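Lettered A, B, C and D in written order, each chain numbered from 1.
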Amino acid sequence: MSTFYLGLALILLLTISIGLVRVLRGPTATDRMLAAQLFGTTAVAILLLLGQATDSPAIRDVALIIALLTAIAAMTFVRRIDIDKATETQGQNSHD
Amino acid sequence: MIHPGPIFDLILMTTLITLAWLLLAGKDLFRAVVLFISFGLLTALAWVRLGAPDVALAEAAIGAGITGALLLVGLGKLGSAERCRRTVRPATALQRLTPAVLIAVIIPSVAVILLLELRQLKTISFGQQKLVLSLLDISGTDHPVTAVLLNFRAWDTLLEKGVLLLALTGIWSLDQAHPLFHQEPLSPVLKGLSQLYLPILIIVSGALLWQGSYAPGGAFQAGALLSAGILLAALGGRSLPSYWPGLPLRLLASCGLLVFLLVTALTLLTNELPLNYPQELAAVLILLIEIFATVAIAVILAAAVAGGHPAERHKHHSPSPEKKP
Amino acid sequence: MTIPVLYAGSGILLFFIGLHALLIRRHLLRKIIAANIMGSGVFMVFIALGARGDSAVADPVPQVMVLTGIVVSLCFTAVAIALAVRIHNLTDCTTLAADEESSID
Amino acid sequence: MTELLTLLLLLASLPFFLAGTLGLLRFPDLYCRLHAVTKADNLGLGLVVMALLFQADSWRQIVHLLLTWLLVLVAGATVAHLIARKARDDGHQYWRR
C-alpha cells in the first residue's frame, strides 16, 4: 500500500514539474502567481500521501502549514499592485 | 517492480536544480521570486524525504509565508530594472579576466572535485544520533531535535536569538518603515479571510510550540507562523494602535533574547557551567525560553517585512532627518 | 549511488549554481535570491549526510544546525533587502558595480 | 474493504490533478486557467483526503485531515477571487473564439 501512496505522490510531483512551464511562460505576473498557488495545493496532497506512506504525523503538520500559508504570497501580491506594472512589459518582451 | 521512492527523489532533485538554474538565469525578476517560492515548497518536500520533518516545518513556515512577502515587498520597492545612473569606466583587461577565470574554470572544477569526493562517503553513518537518544532522558524534552536545540547546543540557539535581534537593529537603522500596502478599498473577501485565518494561525502556532516537547515543532516554526499571522492582519487592513511602536514593540522583539540570557544567568548561579540546566527544572526552563522566543521571532520577522524602524510618535530624541517618501 | 548521496550531490550543484549567479547577475535582489539558493544547497548537504542511518529520522544534530542556519539566512535576506532598498533610495541604483566610478552627486 | 475504498478514491483523484495541470497549461486566458487551478485541484485534494480518512487511526488525525482540506478550499476560493478581481482591474483581455 505504501508503494502505491509513493507512486501517486510521484505522479503529482510530475504534474508540478510540468506545471512550472506556466510560471516560465507567464505571460503576465498574475499567471505566474496563479501557477504558484496550484503548486501549494498539489504539494499539500503530496505531503499527505508521503505522511500516510511513512505513517508520520509530523509530515501532516507540514501539509497543514502549507495549506495555511499558500494564500499569503498571493495576497501580498494582490495588495502590491505596482509590482505587476513594473514587470508586465519586461515579461512580455522577454518571451515569445 | 521498481520502487517509486528513488524515482521520486530523482525527479524532485532534477526539478529543484532546473528550477534554481532557470530562476537565476531568467530576465524577469518577478518570475524569479515566484519560482523561488515554488523552490521553497519543493525543498520542504526534500526535507520530508530525508527524514527531517523539523526542517520541513521551518521551511514551510517561512518559505510559503515570510520569504515570499519579504521578496515581493523588496521587489516592489526596488523595481525589476537593472539600472544605474553612474558613468561606467571601462574595465581593464585584468579586471575582466579575473571573474571570467573564476566562473569558467574554478567553480566547475571545485564542483566536480566535490562531487567526486562524494563517492568516498560511508553509506551508513549514524553521526550523533545514538548519543543524543541515550541522553534524551536528562534533557527535559522527549524530542531529540528540541533536546539538541535547547539543551545540548543551547549556546547556538542563544546566539541565534542575538542574530535575529541584530538583524532587526540593522534594518531599523537603515530606513523608516513606510506603509506596507496601498490605501485602497479592500475586497471584503480579503478582510473576511484575514479574520477567519488569524485565530486558526494563532491556535496552530500554539499547538506547534507545545508539540515541540515531544514531536517536530518548536519556537521557530511557531514564531514564523505567528509572524505570518501578523502579516495577514496587515493584509486585511488592520494597523497597530498608535502607542504600540514605542516601548511595547521593542520589548516584545527583545524578550526572546532577554529571557534566554536570564536563564543563562540563573544557571550560572546554581551551576558552574552556563546553560547546564538542573535536570528537574530543564523542562520548565525550555518551555519558558520557547514561549518568549516564539513571541520575539514573530515580532522580529513581521517587523523585518515592514522594512524600517517605526515612525517616532513620542519625541524622546530628534528623529532621523526626513527623507523623500 | 544511495539516496543521501543523490541529495548531497544535488546540494553541491545548487550551491555552485547559486554562486555562479551571485557573481554574474547584477540586480541586487537576484543576488540575494542566489545567496539563498547557495544556503539551501549547503543545508541539503548537511541533512543528507545526517540521513545515512537506517532509521526513518535523520540525525538531530545536523537538523538543529540547519534550523539555526535557516533562521540566520532569513535574517541575512531581510537585512540584505533593507540594504538594497537603502542603496536604491540614495543612489537610484539597483545594481552594484565595483568597477564603476564611485563619485556620484 | 477500507483498503479498496482508499485505492479507488486515490485513483479517482488522479484525473482531477492531471486536468488541473492540463488546464493550467492549455487554457487560453487567465480567467479560464483560474477555473482549472482552483476547482479541479481542490476536488482532487478532497478525494485524497477522503481516501486517507479511511486509513486514519484516531479522531485527531481525522480532524487534522479535514482541517487541511478546508483551509486549502478557503484559500483557493479566496485567491481565485482576488486574482480574478486584480486581473479585471489590470485590464486583462477576455479570450474570445
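Following the convention adopted for this analysis, contacts are C-beta pairs under 8 Å (C-beta built on N, C-alpha and C of every residue); 3 or more make two chains touch, one makes a residue touch a chain.
Quantities reported herein were computed from a predicted structural model and do not represent experimental measurements.
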Taking each chain's C-alpha mean as its centre, the one farthest from chain B: D
Distance between the centres, which are taken as Cα means, of chain C and chain A, whole angstrom: 21
Geometric centre distance via CA averages, chain D-chain C, whole Å: 32
Approximate Å spacing (C-alpha centroids) for the pair chain A, chain D: 12
Touching two or more other chains - residue numbers and ranges from chain B: 5, 29, 49, 53-54, 73, 75, 79-81, 190, 193, 197, 200
Sites on chain D at which at least two other chains make contact: 71, 74-75, 78, 82, 85
Residues of chain A engaged with two or more neighbouring chains: 33, 35, 40, 56-57, 64, 68, 70-71, 75, 78, 81, 84
Pairwise chain contacts, counting only pairs that touch as defined: A-B, A-D, B-C, B-D
Chain D - residues contacting chain A, complex: 3, 6-7, 10, 13-14, 17-18, 20-21, 24-25, 30, 33-34, 37-38, 41-42, 44-45, 48-49, 52, 55, 61, 64-65, 67-69, 71-72, 74-76, 78-79, 82-83, 85-87, 90, 92
Touching residues (chain side chain C, partner chain B) in the complex: 2-10, 12-14, 16-21, 23-30, 32-34, 36-37, 40, 43-44, 47-68, 70-72, 74-79, 81-86, 88-89, 91-95, 97, 99-101, 104
Residues on chain A engaged by chain D in the complex (per definition of touch): 1, 4-5, 8, 11-12, 15, 18-19, 21-22, 28, 30-31, 33-35, 37-38, 40-42, 44-45, 48-49, 52, 57, 60, 63-64, 67-68, 70-71, 74-75, 78, 81, 84
Footprint of chain B on chain D - complex, ascending: 71, 74-75, 78, 81-82, 85
Contact footprint of chain D on chain B as seen in their complex: 187, 189-190, 193, 196-197, 200
